[in-house]
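First, the structure itself, so that you have it in front of you.
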């Protein structure tokens, strides 16, 4: 499907990031999203809502209008509108405006809970920012590559939490706040991740002993995801470094700022 | 000892993981274990137990039956039944069904505590999952290789905890919650691992000073297991990567998805 | 601009670190700053202030005099006085003495809050120490080099905190302490960084489930800054270790196995 | 100074670790220290002290006798008795027995506090174990090598804590628990190290904002000591690994347990 010149130009500005106009568009959008999210966060503070509620409501509708326009233009200038609408970013863009309109639709009725839900849902507009964060691709690649290992690690953490949680439920029992195994598992996760709220704490000597064991376990397995990611990141960084080759002696591993091959002295091309 | 064809076939399915049937058997078992553990966790919630207790009891016996069958078939088709029964996984498989039967045996009596113990013990059925987790062998190897260093590290943590615990017992004393040295050691472990429940906190100025010193110590030794494991993991990963060699120029360090030697261009065998 | 011999000599002592006199001057200054900050910290303890207030006040004015003298001499002997005054260290040196004089100026009036503010502001005198800390340039360089990645990481943490905070505000609501989205975001940061005060804790089952998810997320992303910095530090350390210099272009940072300078191609001596 | 054969033999057993007798002596001593420390820990529990106090007292004197004997024999068989007595381990060995005798000396008087102090001081006997832990020399070397960097890091943490603490004292003030700057610094260390007791928490909005900033700072600088140590450890491990070279093909990078060169199959010399 061939695009008209106008649509092609719009596409370069809105979807592209290479041209100055495209970059300016992205910057403006980032600021708009940030301000819009800030306004919604402030709206949730009852003191501010009471005093500036009308203003915040107006601001909110202004932003909804802008993001609706952005969504429609994106559909208009995309070469594959349906594919865009079904993509992750298309759904996020829709989610960013839908709750406001649904709230309008349900305003007559008194479904307070649903309205509250929709209000908060609008904040997922912040996900629109992910489009720009994801350009940090070294981090992403390192995370994707260690995905499987991190999954196995999480399974191990869950198995550990179940075992420690059951033990604590057995030893401490409902009289010390460990009212059920799910709650004990919640306590174990709070402990193993070293968060430690202190809303539930072991009271018996055996319970404190098991808790200490759980902490030391958590303390030592905190090393695992760090180790995995560090090793991957180091590899990623090294690969970036070793992607330059000497054309004469075919050696690699040159720093990105090197001008001459460090093994044979031949000038390096970029 | 030669196995009959039926037993050999069963062995391939149940113990093996290479054939499609073996993989399917493993997947079914993983789901059964997960559901069974979930049912037991829910049973511990008194509200759910009161309402669906009968159903959960029935489900429980169903699972006990399935796992008993699995245990018997494993014994039947294993080429060395006794060795299997005495192995780690054999004991775990036994432990996964024993508490249910013991509970039946003791139901007549009123040993409430023992019944509660047996109920919770059934949850160790989750250890059956370790069989599948342990396939994550890079992680395991890195952990096993840094075993000695981590042990020394834990000894150092225990010595530190004893010293800091005794000091706090001396400085704060029973009137501020540090009722005995074991309790003070428990507090030190809670602090050094940065869990920090806040159930016992230093009240005197000197106590808070020592606590701050303990925290900074903990904060800096948190680096030790991470450092050990990261260094081991990096080595393990590098080894895996460098385990492929070019047959022509004998260079190593090829990525696992490389098809050609990156030094001389010769196709790489697997 | 040519400096007179006296000013040149003073400049070498005060700004330089190479000569014995310069080193001695720096050491004296470090001790003076440390004692002065200590005196101010002690002054904030009401018991000590009540008993030794007069003495601490005298000590304070002594230090203010010394630092004022230092500031004036620095201006006098600097070859570019204005550039020094506008630099980071020049502003810190001014900030270290200004609050004391402002306090004198406002002593007649009863602006208690402002006086308290000025009192505490004097403690920023501790920033004068940064001049000496910043000599630790491996750490600094590693941090500066991973600056961009850490910024992206913080953006990701803020996006995550907003999402988790909004969810908790929705699920737990004002009745369980989550009175507004900003407060919920504060709670999420407390949780994700594994601080876990326990002043606000989830009470509902769904809330505890989301909290556990937030903790595990925090636990796994704690690895990211560590990984980034470790990889950078390892590179920095390796580069420093290989501080071999090219005799021709005087560039450093050559790997230990390099035979030729990577900037000008001259053979490297050992 | 020449030693008599008996003293030489004793020296090999007591100070050496190479002979079977020396190893057995070390093992026995480790167990004795562990049991002795355990007895003292139990003695601090008032319930146990009340019931088994007489027995624990007897056990304690038995151990004091054994360690006194060990100390005297060490002095007797050491080739440089004075140098041993003034060394770190000599002082620890003395400290391990001194409090018991001092306690006897002061038993007539009623200096309860001093007796309590001496009682707890005996627990430093655990430091005798350091002699055996310190054989973990890779860890030690990595720590000693990154000593300077870790010191600079701690200075930076203290400067940060002072600044954040002063700010919190200013913003929250004594009415919210931040009664003085030292207490606020204590709170900042509790927060930055992610311990988070929750005994003092920010109540004002600005205070919570500053607290969140402190947490994120702490979260990101937690990476620094980890990074330093990991980089050092990785270097140490690599050095150990690369210190062996094949004499035939001159390749390096052989594991410490390899017997043959993994590149050409030539037996490796140690």
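Order of writing sets the labels: A, B, C and D. Residues in every chain begin at 1.
As a convention for this text, a contact is a pair of C-beta atoms (placed from the backbone, for glycine too) under 8 Å apart; a residue touches a chain by one contact, two chains touch by 3 or more.
Keep in mind that what you see is a predicted model, and the values were worked out from it rather than measured.
Looking for a copy of the A-B interface in B-C, A-D or A-C, one arrives at A-C, which has over half of the same contact pairs by residue number. With respect to subunit D, maximal separation of chain centres occurs for A (centres as means of Cα atoms). Two copies of one chain, subunit A and subunit C, touch each other, and the residues they use overlap weakly: the shared fraction of interface numbers falls below half. Once the centre of each chain is set as its mean CA position, subunit B and subunit C turn out to be 41 Å apart.
Annotation: 29 Å between the Cα-based centres of subunit B and subunit D. Residue positions 182, 185, 194-198, 222, 226, 228, 230, 234 of subunit C are each in touch with at least two other chains.
Taken together, the subunit B residues at the contact with subunit A in this complex read 37, 40-42, 44-46, 116-117, 120, 123-124, 126-127, 129-130, 133, 136, 138-139, 142, 150, 153-154, 157, 182-183, 185-186, 189-190, 193-199, 222, 225-226, 228-230, 232-234, 237, 262-263.
Across the complex, subunit A meets subunit B through its residues 149, 152-153, 155-156, 159, 162-163, 166-167, 169-170, 174, 179-182, 185, 191, 194-198, 201, 205, 208-209, 211-212, 215-216, 218-220, 222-224, 226-228, 230-232, 234-235, 250, 252.
Contacts from subunit D toward subunit A in the complex involve residues 194-198, 226, 230.
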